[in-house]
Amino acid sequence: MVTQSGQGEQMGAGEQQDARQGPGQKTPRWTHEMLMNMDRRFIFVVIAIAVAAPLIFPLNLPVRSSREAEAYFNEMEKLQPGDEIIFSFDYEPDTMAELDPMSVATLRHAFRKDVRVLAQTTYAGGVGIAERILRQVAQEYDKVYGEDYVFFGYNPDYSATILRMGESIRSNYPTDHYHAPTDGIPLMKGVDCYDDIELLVTVTASALAEYWIIWAGGKYKQRIIAGNTAIQAVLIYPYYQAGQLAGFLGGLKGAAEYEKLIGVSGAGLLGMDAQSVAHLAIVCFIILGNIGFLIQKSRTKQTGGPRDSRQGG
Amino acid sequence: MRMAFRTVWYGLLVACLACAWSAPSAAAHVAHADSLDGGAQEAEGAEAQGVSASSEEVLDGAGSEAEGGETPSTGWFDTEHTPTAVATLLFGAILLFFIRSARSGKPLFIRRIAGLEAVDEAVGRATEMGRPILYSPGLDPMEEVATVASINILGQVARKAGEYETRLIMPNRDPIVMTVAQEVVREALTQVGRPDLYNADDIYYTTQSQFGYAAAVCGTMMRERPATNFFIGHFYAESLILAETGNATGAIQIAGTDSDSQLPFFICACDYTLIGEELYAGSVYLSREPLLLGALKGQDVAKAVLLVVLIAGAILAFFGIDIGPYLG
Amino acid sequence: MWEQAGIVVGALVTLAIFSLLYKDNPLYRFAESLLVGVSAGYYLVQYCFSAIYRKFYIPVIGEGDLWLLPGGILGLLILLRLSRRVQWMSRYAIAFYVAAWSGYLIPSVLQERILIQIRSTFPPSLAEASIWAVLGSLFLLVGVVSILVYFFFSAEHRGALGRISQVGITFLMVGFGASFGYTVMGRVSLLIGRFQYLFQDLPQALSF
Amino acid sequence: MKRTGPVVFGFLIGMLMLIQYFTQVPWIDDRYNNVLDWKQVVFGITLILGVVSLFLHHWKKIERKTGGWGYSVVTIAGLLFMIAAALIFGREEGPYPWMFDHVQAPMQSTMFALLAFYVASASYRAFRVRSFHAALLLTAGVIVMLGRVPLGEMMGFHIGEHYFSLGTISTLILDYPNLAAKRGVMIGVGLGMTATAIKIILGIERTYLGKGA
């Protein structure tokens, strides 16, 4: 096995000129060349400032909630004291920034309404996150482990886990995460499968929301709401429109909307100014790059230079 | 083998017909769907009964007018899933029929796929410029469909590279994918009579780390300046780093992935992009493997059936006839 | 005390990873290697607890449920992959795993990803819905139909088929645009999280 | 035995899981539950195998002193430290959760946070209006990007008496063309997944069993 690791290589190649410019083509004027070939480190610095400045000097831009977030909120709001929900922390530390605010806000909402929570994770890396958040929010609302909430920890194989819980949560988890037999946990009295659960909440960075919908929703008719990273959120619109998903939050903006709806400010709302300014900066860069590109294109046409053969699709 | 195949196929067909004709509870199913909708028909739904409905009746929507009798005893068959059962059997039968046709040597047509038509041009360009070709199979392990499709395409690219005497470089993230790729390339070069061109060191392992892999591939692009880059397989966040660097080095880029969030970057930074299913079809298009060809054809026919159901259902829906409940 | 020290350590390793932005350097490579090791160790402990202790040891040894014994045997077969001579036996475990997954995937995907999606694309009745609702759902219908036509490989995309598939690709591009917008949003959020850590959590911990 | 056995075994298990979906027979339900439990054990052990291979990979690098072997020492040290910490102090407290909270979690999330910089640089460099389709993608992308954040929600324009904010337009994009695109792809991919699964159960597709199967 020949091993060539990436030592000493630099990612990206920002400083490289587009080698496709024909050899006979004259060097364009500095204006549009500069627009098209800004140093990537300059872009990095601008993005860093665009994110950091609003965190230090907040703008307090107003957040408007979307229909999906309102649906998510309403599903939680409908719960009665004593109802049980399953809360699945389906993510790892890499997407904590987007998803932690959703988990915190949802648990706050649940504990505030005296809803009982059965927590678990389908990612081994989700255990530490779940323990930290459960501990923090349970303390805020004086909730007792085993009576108001329980943590089952990680279980291997998400698909089998989802299906198995539809038959028996007890058999799926003979003990909780802390070695206590599930049968002896007071909260578990009379609770054993999806039929005994009012609502299932998954907060996820992957296609897990889709799998909960397909298996827990499809086979066992479990009502589901999901917190998603922005990247995943855009993919689950069809499920929401089809009624397979009762509501969802998309990315940090979704978390901010939900925080606003429950009236408790958190990392989501605090991050919205930075999110806005950073998006604006990126859009400006894209526009500048395209202005340079269009100038170059019009000049190439005038001088009869080679045509760009690229296709969109 | 052929006998067993035939038995399974006929079995499926018979079961499918039987299931569709004798579905004992189309009406009960409608009742269930209505109650789920929570509409005004709830009362009707509760009264709906197990009346045997033929498949024609089902399509006419006549099954919703249920009357008399009592709620069907579910027995061993879960009647709630009748539409899915019919769909499963029907799809299985279509698939097996076309796999069998393809195996028996019947020619099956697949349309031109732009990105793959360009393979010749791309390899030719590398030859003219005296530069190598770079091929990345993505990050997923061997068992993923996208990786299998990628390796199929790799074989064909390697053949072209052999014919044009062009060097092929392939950094890998997965050791198993690497060994399979080495075999595939060696075989392809042997087939075109150029086994001497095979160099195992050009198909190498880099590192498991996602960003380590991206850095290694980008390094190769900067150092070797390949004239053509192929990014074919399942990619994650590193896609944008790869596509951007390749774009900057001025290579022709052909990408193919089924990863939705990475497609925008490939579409904008690459010359040709195989989108989602096109990637799977692309591997069939190039390899012409009968089994894959038959399966693709079967999926196409199923797609055509779905299109007919979709359009007919939409027209009926406009006039207030909802066939939705018969679809599960 | 340990908590404060932890936040400082967290800030240091965060900066080590960020140093890659300037260029690849030994500090970054050290941090990356440490991350691979620490996370593998963390996962291993969780895997052993959940798969071996809780799903096998407790039910089989503790409660004597012999129906779960085959799971352990299949698991052991997987380990035979490490030996070249008896590697073929691990195929039973792989066949079991993949076939079981395929078995429950078929009906559920057909129902949830295909039949229900088709059903939900049907427009509302002309008599009951508002004109905007009907137009919207018609637009949706055109999109879904044209994309399915675009992914139809058995006929050349010429004539009417070609025009419909062009409509399909237009829908796809707008869809990818939306994915692009959301991807940027997601990535920026991750950076916000790290900056909140550096500019808010860290000063708080140090001011203690 | 080496080839047919696994395929026949797979066929039986696959059919059991498929049939279970449509039936209500207690015996089948019980076996279905067994299979789900077994599958979790098998998967868990596969993951353990993954960590073992990672260890062996780095161990070989150290043994052969190949380039960058020092970093392999760091990796193995990290791995062994975590195992020792869990064995000595337990999973709930001590160095094991501390390392997760203060070393693994910050590093893993920073690794992904780097992407914000790359996505900005790549968008700037790669997203050029080279064709009609690229322009379409870019326009939709920019509208969604701005329309989904508070600042963009405040931007908009008037047509007559009607006010259209970027937020409203991005919602329309997400609800219609985006929904249609995702649904179209979803149906196609769904058919592909189902076809593959059927081929696996019937033993037509055996690539997953490895070479020579």
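The chains carry the letters A, B, C and D, assigned in the order they are written, with residues numbered from 1 in each.
The criterion applied here is as follows: a contact is a pair of C-beta atoms (placed from the backbone, for glycine too) under 8 Å apart; a residue touches a chain by one contact, two chains touch by 3 or more.
Note that the coordinates shown come from a computational prediction; the quantities given were computed from them, not determined experimentally.
Trainee: Can you tell me which chain pair comes out on top for contact count?
Mentor: Chain pair with the maximum contact count: C-D.
Trainee: So, comparing C-alpha centroids, which chain is the farthest one from subunit B?
Mentor: A
Trainee: From the mean C-alpha coordinate of subunit A to that of subunit B, what's the distance rounded to whole Å?
Mentor: Distance between chain centres, rounded to whole Å: 27 Å.
Trainee: On a C-alpha centroid basis, what's the spacing between subunit B and subunit D, in Å?
Mentor: Measuring from centre to centre gives 17 Å for this pair.
Trainee: How many angstrom lie between the CA centroids of subunit A and subunit C, rounded to a whole number?
Mentor: 11
Trainee: Listing for subunit D: what residues touch at least two other chains?
Mentor: In subunit D, residues 18, 21-22, 37, 39-44, 47, 54, 68, 100-101, 104-106, 108-109, 111-123, 125, 127-128, 130, 133-134, 136-138, 141-142, 145, 148-149, 174-175, 178-179, 182-183, 185-189, 191, 194, 196, 198, 208 touch at least two other chains, as defined above.
Trainee: In subunit B, which residues are in touch with two or more of the other chains?
Mentor: Those would be 81, 84-85, 88, 91, 143, 208, 211-212, 215, 237, 241, 244, 247-248, 260-261, 264-265, 267, 275-277, 303, 306.
Trainee: Got the subunit C residues that touch at least 2 other chains?
Mentor: 20-21, 24, 29, 32, 36, 39, 42-43, 46-47, 49-51, 55, 59, 98, 100-101, 104, 106-111, 113-114, 116-121, 144, 148, 151, 169, 172-173, 176-180, 182-185, 187-188, 190-191, 193-194
Trainee: For subunit B, which residues count as touching subunit C in their complex?
Mentor: Interface residues on subunit B, with respect to subunit C: 81, 83-85, 87-88, 91, 108-113, 143, 208-209, 211-212, 215, 237, 260-261, 263-265, 267, 275-278, 281, 285, 296-297, 300-301, 303-304, 306-307, 309-311, 313-314, 317-320, 322-324, 327-328.
Trainee: Once bound in the complex, which stretches of subunit C touch subunit D?
Mentor: Listed in rising order, the residues are 2, 5-7, 9-11, 13-14, 16-18, 20-21, 29-52, 55-56, 59, 67-68, 70-72, 74-76, 78-79, 81-82, 88, 91-110, 113-114, 117-118, 121, 136, 139-140, 142-144, 146-148, 150-151, 168-185, 187-188, 190-191, 193-194, 197.
Trainee: Please name which positions on subunit C make contact with subunit B in the complex.
Mentor: Residue positions touching the partner: 20, 24, 32, 36, 98, 106-107, 110-111, 114-116, 118-128, 134, 141, 144-145, 148-149, 151-157, 172-173, 176-177, 179-180, 182-183, 187.
Trainee: Write out the stretch or stretches of subunit D touching subunit B in their complex.
Mentor: 18, 21-25, 54, 57, 111-112, 114-115, 118-119, 121-122, 125-128, 130, 133-134, 137-138, 141, 182, 185, 187-189, 191-192, 194-196, 198-199, 202, 204-205, 207-208, 211
Trainee: Contact residues on subunit A for subunit C in the complex?
Mentor: Touching subunit C from subunit A are residues 6-11, 41, 44, 47, 51-52, 55-56, 94-98, 100, 124-125, 127-128, 153-156, 159-160, 163, 173-175, 213-215, 217-219, 229-231, 233-235, 238, 241-244, 250-253, 267, 270-271, 274-275, 278-279, 282, 312-313.
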